[in-house]
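Two complexes follow with chain A in common, the first pairing it with chain B and the second with chain C.
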Partner chain A sequence: MSLNGKRILIAKPGLDGHDVGAKIIALALRDAGADVIYTGLRRSPDYIARVAVDEDVDAVGLSILSGSHKELVEETARCLAELDAGDIHLFVGGTIPSEDHDELRQAGARGIFTAEMDLDEVVAAVEADLNA
Partner chain B sequence: MSDSATTPNKIGSKAHREPPTKPSTTTPSGIEVPPVVTADMVREPDQGLPGEFPFTRGIFPDGFRGRLWTIRQYSGFGTAEESNERYRFLLDKGQTGLSVALDLPTQCGYDPVDPIAKSEVGKVGVSLSNLAEAEILFDEIDVAGISTSFTINGTASIVYAMYCAVADKQGVPREKLTGTIQNDILKEYVARGTWIFPVRPSLRLIADTILFSNEQTPRFNPISIAGAHVRDAGCTAVEEMGYTIANGLAYIDELIRRGGDVEKFARRLSFFFYVHMDFFEEVCKFRAGRRLWAKLLTQRYGVKDPKALMFRFGVVCGGSSLVGAQPDNNVVRVGIENMAAVMGGAQSIFTAAFDEAYQIPTEHSAEIAVRTQQIVAHESGIARTVDPLGGSYYVEWLTDQMEDEITKVIDDIDAYGGVTKAVEDGWLQLKIAKRASERKKKVDSGETVIVGQNYFRREDQNEGVAELFKLDPLASSRVIEKFERVRDTRDDAEVAKTLAALEKAAAIDTENLMPYLIDCCHAYATVGEMVTTLKSQWGEFEEPVRL
Partner chain C sequence: MSETSSNPRRALSRALSRIANADVAETLAQQGAVPTPEMSRIGVTGAPGAGKSTLIARLAKLRKGEDHKIAVLAIDPTSPVSKGSILGDRIRMDAIADDPNIFIRSIPSRRSHDGLADNTADLLAAMEGHGFDEVILESVGVGQAEYTIRTLVDTVVLVLLPESGDAIQAMKAGILEMADIYVVSKADLPGAELMVAEIQQVAERQTADGWAPPVISTSRNDLEGFARLDAAISAHAKWRKARMDETATQRARARYQAQGLIARRIDEIMEADNSLLDLDPRGLFDALIAKLNPSRRDA
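Up next is the complex of A and B:
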């Protein structure tokens, strides 16, 4: 199992400028064989969904540390669905309290990753999900 | 998908990792430390007196005996009313300076009604969209009597203009204002991300604030050149100091280009750093930085006035050194970092609350953070004499090593073509991302020990905090309601007039924009309107995305 041939978009929605996590994950996924595209900062959910479709990605990883994860995950899932791209898998990482995990899963997040997790665990989870 | 891989609370193999039985022999910056340091290994055993060039031992002859450091806790959330209440709570607990956290729309220059701002209003700080909100924020707080620090960068000139306008409204002469605006845009491009305009007009705006402040608010620090954020983004203590000094030199060059007198403006340059956990490396980082800054200003610019050579800095203890696992342990971490900050000679200290890894602090955790500083100040005795570690062979040796390594970082940037180019090209951003990646891998592999996270875990450990801080979910709609009320009742002609004057002045590189911004604030023009006006002249920064 690997991420060879998988295309993944790492995105920073909203105004949050903390992009270390996003970049670390992007580098780790690339090391694991994926083609990784990084959006840069301050992208709207609508923009992220359009890039995901244009780039024909398998997954989108949102990085959010501002506390706005519920709104931004819901909005991104909605924008993907509007573009008939509901089959693109959605992940979210950042400062996400465990109380919010269920709600994010319901909104469409297939994996929720926090800073305490090992990079190997995150990569393995994405791999398992995309190869399922 | 395996469940253990996505549930951070599950205990993996890390719980059973054997802890190391010996300490590491290398500092986190990669300096190999000998088992014992002797006198002959120190370059200059006698560093002279505190308060004297090159200030290795401190900038004041009497250290903290003249005055203790300022206890300055970063705080702000929701509406101006709620934040005003929290400030008065902190002042009541003995805090001696205010530190204002602003929400992301204010920091990035969007009004609360902007579509991109709507989910972020009042989240990570208080919303300050126009003068009316600033008047509420400082209600019953005497701005002449307390120093206020604003963590603001992209819109620093606007927030500073607003603070001047608050002083005008309270009838306080501007020259009485004390405090700090962070106003360090270079590190925003590299780490924190609240940039707005391209690099060069941003530097111009910073020069405007500093030159204006030197004249009108001479006791105010118009810039706090910050290494803290690049540090928290992943770089080492050596790189934190190196990049910060390089940024400081870039601001000096810009100010000289604008006709500023370095002997004068250098007196008001201040700095801001993180203190993480490696005690001696942190202490020596400050001793080395202080010495190197004084030397560089003498060598490169011929500065003579000792006051202009003084490296004044504030610190924050916590940040990414705090751990989500077993969060109560963070109280101990912050205590140790607080001591390193004092031994390093910081002028102001912010101790993070133990739950910062998760949330905005509760009143309970915020109080412990303040009490930590009071215990260090009044019970530990470490503030009794200046630079108590000075003359230790190890401390002096490590200070030498740090100075050499920091110098290499500055030389590397110079060799690349300077900070501005390094930032515009994304060279520095990429370096830091790679460093962050290395740091994370060392934690994952167990090379770096983090108690409770990758070692010493309990099977049943709860990674949450008992008491959760809850933001008022209606705060954002109240902010928007107030915003619309101000917009509907102000004098539109006055707003249009002041914004037009600002636009015209922005086109002239030699014009100082501060008086124009203050006029806009008095007219209740909004942050978004002022930023849009400036964008029309300067455009926006295009982020170089490199991986």
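Up next is the complex of A and C:
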């Protein structure tokens, strides 16, 4: 199994200005064979959804450290659906307390990755989800 | 998955993926009867980090309009180790990504070694077929990109860094003969003026068919240089239209495409049966030629 041929957008919505984690994930996914697009800091969910459509990605990974993960995941899912792209898979990573996980899954997140997880674990989860 | 979508951008985007991922047989099957409309194509090439994406963002913003929709095809290198890629051109074009009259697509180079990507010709044609008036192609800044991009686009813009020695480097590699317009980027950095003067001297000697390649310096925070580039591209397009040899252009493109498809088909054959590689060179050559047309052999 690999991520060869899979296109993944790594995006940073919200106001926090730390993208080291996002860049590390981007590189790990590239090393697992994916084609990775990165959008830069502080992008709106609407902007992220448009880029996801134009780039025809298989998945969007949102990196969120600001604490507003619920709103941002919901809003991104809504924007994707509005663009007829509700089938693009959504992942979220960052500082996300476990009591929020259920709600995030309901909002459309297919994977939730926290700082405690190994990179290998994250990559394996993405791989399993996209090859399912 | 279906390419029909209530969202036309999604439909285009899907179509581009299908074309980019098509193997040789699929690519051949997809060659439509649809004639390529005559749209202008601009190719931007130059060493890694020369400032190509930054320049394209500024240029697209100047050239786009309600009646002039622009598509950008940006190619970044595939890692030979993981076969993955970081498609980083787009991040330099963030300022224009929201514009409804501009469409940006990032593509990995995959096996292609000529600075472009598999099926680039078909991707360009598909963008044109979806109503874009102009396509800007960003090559991977390595190897022989300058030569191949020449066959696929109408106007080649070569971006050079203002570092001393770069002019000599470019002359040695022969790439200075390939461009219609030279840009010395990052003019805010030292060395730019000298570089412009050097390139100007070289460029003066290569006035071909009446087109004297201009040398333009640009700096990312100064729109004036990009405005001059914009004007130079329009002037070149006009000049080219007046004297373009349509047959020669189409022949060069057909040749590039056929060579690319055959090279990929041979790769596919060797990957499917790598014991072929144990043959001596002559045997391998003959076996590959025989396998290029299996239907005839098996019949």
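By definition in this document, the second predicted complex is superposed on the first by the 132 of 132 C-alpha atoms of A that agree within 3 Å, B and C clash if a C-alpha of one lies under 4 Å from a C-alpha of the other, contacts with A are read in each partner's own complex, and residues count from 1 in each chain.
Methods note: a residue touches a chain if its C-beta (ideal position, glycine included) is under 8 Å from a C-beta of that chain, and two chains touch if they have at least 3 such contacts.
Treat the numbers as computed from the prediction; the structure is a model and nothing was measured.
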First (chain B), second (chain C), both or neither touched by A:11: neither
Partner chain in contact with A:92 - chain B first, chain C second, else both or neither: neither
First (chain B), second (chain C), both or neither touched by A:60: neither
Which superposed partner A:107 touches (first chain B, second chain C, both, neither): neither
First, second, both or neither for A:32, with chain B first and chain C second: second
Of chain C and chain B, partner touching more chain A residues: B
Which of chain B and chain C A:73 touches, first, second, both or neither: neither
Touching partner for A:40 - first (chain B), second (chain C), both, neither: both
Which superposed partner A:83 touches (first chain B, second chain C, both, neither): second
Residues of chain A contacting chain B in one complex and chain C in the other: 26-27, 30, 36, 38-40
Contacting residues of chain B [partner chain A, same complex]: 1-2, 4-6, 8-9, 12, 14, 104-105, 107-108, 110, 115-117, 119-120, 123-124, 188, 191-194, 232-234, 323-325, 357-359, 432-434, 436-437, 440-441, 444, 453, 463-464, 468, 471, 543, 545, 547
Partner chain C, residues of chain A touching it in the complex: 2-5, 7, 26-27, 29-40, 47, 50-51, 53-56, 83-85, 87
Residues of chain C that touch chain A when the two form their complex: 1, 5-7, 9-10, 13-14, 16-17, 21, 78-79, 81-88, 90-91, 94, 97-98, 103-106, 108
Chain A residues within the chain B interface of the complex: 14-20, 23-24, 26-28, 30, 36, 38-42, 44, 66-68, 71-72, 75, 95, 97-99, 110-122, 124-125, 128-129, 132
